[in-house]
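This report refers to the structure that appears directly beneath it.
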Amino acid sequence: MKYTQGRYIILSKKTLAKEIYDMTILCPEIAEIAKAGQFVNVKVNGFTLRRPISICSIDREKGTLRIVFEVRGEGTKEMSQIAEGELIDIVAPLGGRGFKVDQFETAVIIGGGIGTPPMLAVAEKFGEKGTVISGFRNAAAVILQEDFKAAGAETILCTDDGSAGKKGFVTDALKEVLSRKKPEVIFACGPDVMLRRVIEIAKENNIKCQVSLEERMGCGVGACLVCACRTIRNGDEYYAHVCKDGPVFNAEEVLFDER
Amino acid sequence: MKYTQGRYIILSKKTLAKEIYDMTILCPEIAEIAKAGQFVNVKVNGFTLRRPISICSIDREKGTLRIVFEVRGEGTKEMSQIAEGELIDIVAPLGGRGFKVDQFETAVIIGGGIGTPPMLAVAEKFGEKGTVISGFRNAAAVILQEDFKAAGAETILCTDDGSAGKKGFVTDALKEVLSRKKPEVIFACGPDVMLRRVIEIAKENNIKCQVSLEERMGCGVGACLVCACRTIRNGDEYYAHVCKDGPVFNAEEVLFDER
Amino acid sequence: MSDKLSVNFAGVDFKNPVIPASGAFGYGREYENFYPLSNLGGISVKGTTGTKRNGNLPPRIAETPSGMLNSVGLQNPGIDHFIKIELPNLKTKDTVIIANIAGSTADEYREIAEKLENTDVDMIEVNISCPNVKAGGAAFGVTCEGAASITKIVRAATRKPVMMKLSPNVTNIAEIAKAVEAEGADAVSLINTLLGMKIDIKTRRPVLHNNVGGLSGPAVFPVAVRMVWQVSNAVKIPVCGMGGISRWQDVVEMMMAGAQVVQIGAAMFSDPFAPLKIIEGLENYVSENDLNNLQEIVGTVIPW
Amino acid sequence: MSDKLSVNFAGVDFKNPVIPASGAFGYGREYENFYPLSNLGGISVKGTTGTKRNGNLPPRIAETPSGMLNSVGLQNPGIDHFIKIELPNLKTKDTVIIANIAGSTADEYREIAEKLENTDVDMIEVNISCPNVKAGGAAFGVTCEGAASITKIVRAATRKPVMMKLSPNVTNIAEIAKAVEAEGADAVSLINTLLGMKIDIKTRRPVLHNNVGGLSGPAVFPVAVRMVWQVSNAVKIPVCGMGGISRWQDVVEMMMAGAQVVQIGAAMFSDPFAPLKIIEGLENYVSENDLNNLQEIVGTVIPW
């Protein structure tokens, strides 16, 4: 494993929705080895901690990484101020385990809200063999639909209020999809409540499932042990660390905290 | 007394010498009441304390203040990054006592190094009746000579190494000037060692003298009492405060610390 | 301004819980050049001693990451000057006046309290935690016995509400709070500054002439919140929270931790209008959260 | 790299005084993906206990102004795993290995020290100041008696250099340093983290699941410098300084205050290369100031 820390130029910056930014970073040596499900740790001026941002898409030819993030607090707010053409300081690629895609032919790829961006890199792996289900609060929050279609995936959009796509949750759409086809694997990233339900459904249908988790991080590389998440490892409970042991875990490993 | 806090546009920004910046700020209501010897307290992003910067020149017609400052540390470094056309957050005009110029006809005006800028506003009061003596390390550090000449003053330049103007200290030049004319008052701003010597010479020649002092400040308005300087007030020692009781003091009030 | 920010703290009615902290606001004269003091919930005046003090030699301030160190050392004109000159002026400002007092000896505390007993001062804040003076100051504040003894003496000397200002430079601040409560304190305020030091590596001299000084500013806020939470869980008397508050959100956090009122210090150095902006922010918070009174959030933090 | 940064600290030769702090560097495996560990003066490994510990529930970290709070709670694989798996790997890295140990009971400290006695560990750092565990930890570190008792037990169990890691959450850290010196400690390291708290005002829950946690980062640096100065003036044994160091200038300041070596923690989270950049800065400082060895500046601060 090799971690790189450096300052790279932002080739393009867009706003995809309210408070949701899209940056393409030129960093060939990182793009070369980055995998779907991994993340970059971004330095933000004036803040003690870096901000972990999942990788949305990887372009080895162009040597670029694409990240899509939401302004959630002062740190991501400051991060959103970095302009096109300016340099962004990142440590990457991080995440000991991304999505394991190679051994599978067909997949259902699920993203909830700001958990949707990392699923694009996965969809791009499966092309027409992938079915993407993404869910958002409402039409105004919808992102990346054209990108999923461009990746070749069957693309199903859901919104809580029905203002775009189907009204309802991604889990409803998932059941509908499973009623007509059985993928080899389900990949998901989103709120805990969504992941729990997805894992249940996958289990009921006896389908392998991988989920990407989130936790407040410190070093981002597995040394400080702050981003703990409860998992089962060889039978007994183990506090794995999202940054190093994840962020992607097999469904059967995950134990959600009662929060 | 009225203090104003606000964000004002920087109309022009220049570099006068290495690490010495010159900013003209549009702030009519402040320029209207500002006096020579007073200062502005500048907010710097990422720092707890404001940076007190002496007022170099006041233009009531244009409603502008001019400040000239040197980069001494990280705060002033950050301050020097504020660009022409951007806003600068200042509290002003501060300084309970500026230079008292009104009751005098003729003056010798002395500035040492970065203590020179506030003397321009004084020189502009006296025009041809003023003699300006300014001293710097070397030619590269020389600033404001044309401005002093434009103000109409007889302008004497000294450098420690003789690379510009006369070789020697401002106090040597002061003695030379006093040998041919006797001003009603001497105004001075600069390093403590220089001020001590100027005060001695003024005393020997029985000439009134006002000096502008410097001390690390907190609130800048006289409430926090950190910028104390030892003075004599009605006979006994008193810790006056540079921001409120000064920054300008009569020579006979000042007691220099042994530092 | 609605009265939804009003609070009766230790028997005194405040129009809002925002109080400029002792040492940061002098006797109020300077900040009047910015805004009417009547906007403030109250004013904790500069720490005042039995007789005039010059304080420590300069430099008295040093900047630190998200904070500052100060070593003023209780420079003040003395209690008589305060009562004769400053108090009458302050009493015209339509805000609660808190006399902050300090002494080198127990007797000095007693004498000051006695002199204030027959004045219009609304409340007495007793500083037993000044880190910048040789005698007295923190010496009394770092042991239960010392803190209790000063509380007892001041309590006996006055019927005015007595608020003891506690030092954070101790192993167990809750125990000290209990000790002053036991001796009849009406309230506690915390935290005073953390003792710190900064060295100029070029001159190899401490930046502060006093060598060490008190750390304040946002840097210490997490320590202040923790101590306010511990103390408010340990005593029944009300708590005045302070230490690094710079935004209205910090006040809400401090109140959820258990403070009924708060003091603002270093924040005013970078923004003299900080107290007013904070009050405005609290007004909005109250209406956006449909509270009848801001006090409803006091101590509402839910520990895990 | 010259040897002008070398130092013999408590009998152990360090090629330079820069040591990643316990808890910030795991057992070194992760940072090897950035640079060879042989660049470092030494490594203080993750706090290790008698048996495997899971640590506290997440969230375990919160950001604060110029600092951070953590409440990991000594998650570690236990001393046997350390000796069998981690230590052999670390010993191949050509740098000083400091075993940081912690226990819930005096016996646990003794057992761990005994197990380490016949290993290749160069030095033992005894953590009696972890703010994030219920039993043991800070409980021992906040009284002279507690600190002395653990020192005595570990001292009796090993001939390796013993460094006691002190808590800043005390009234008088110098007294505690004297107490551990009297029981035979070879060195002291300070400061551990300051106890702090952060509350999410939207959820009204503490951000840390442990409610409180340890504050570190530049925010605490002035407190660390003050304590290092007080302790190095109170004891004869050498001092390892830590707490908010993020630049080479901070190391110089900490050394002038009295530290012979230093530990770097939170700074690595924002810049994994911080230790190397600091070492480079110290190299330049030594040559620009014509020093034969950086140790010449230790304790050279000139108080007023």
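Think of it as A, B, C and D in the order they're written, each chain with its own count starting at 1.
As a convention for this text, a contact is a pair of C-beta atoms (placed from the backbone, for glycine too) under 8 Å apart; a residue touches a chain by one contact, two chains touch by 3 or more.
In this text the structure is predicted, and so the values were computed from the model without any measurement.
Chemist: Give me the fewest steps it takes to get from chain C to chain D if each step has to go to a chain it touches.
Modeler: The fewest steps needed to get from chain C to chain D is 1.
Chemist: If you check the contacts of chain A and chain D, which chains show up for both?
Modeler: none
Chemist: Quick check for the class: compute each chain's Cα centroid; which one is farthest from the centroid of chain A?
Modeler: Looking at centroid distances, B is the chain farthest away.
Chemist: How many angstrom lie between the CA centroids of chain B and chain D, rounded to a whole number?
Modeler: 47
Chemist: Between chain B and chain C, what distance separates the C-alpha centroids? Give it in angstrom.
Modeler: A distance of 36 Å separates the two centres.
Chemist: Express in whole angstrom the distance between the two chain centres, defined as the mean CA positions of chain A and chain B.
Modeler: About 58 Å, centre to centre.
Chemist: Which chain C residues sit where two or more other chains touch them?
Modeler: 57, 62, 64, 66-67, 217-218
Chemist: Please output the residues of chain C touching chain B within their complex, sorted ascending.
Modeler: Within the complex, chain C contacts chain B at residues 23-26, 29-31, 33-34, 46, 54-64, 66-68, 70, 72, 75, 217-218, 266, 268-273.
Chemist: If you look only at chain B, which of its residues touch chain C in the complex?
Modeler: Result: residues 1-3, 5, 43, 47-50, 75, 91, 215-230, 237-239, 244, 257 of chain B touch chain C.
Chemist: Considering the complex alone, what residue numbers of chain D touch chain C?
Modeler: 57, 62, 64-67, 69, 142-143, 169-172, 194-199, 201, 204-206, 209-212, 215, 217-223, 225-226, 229, 244, 249, 252-253, 256-257, 297, 300-304
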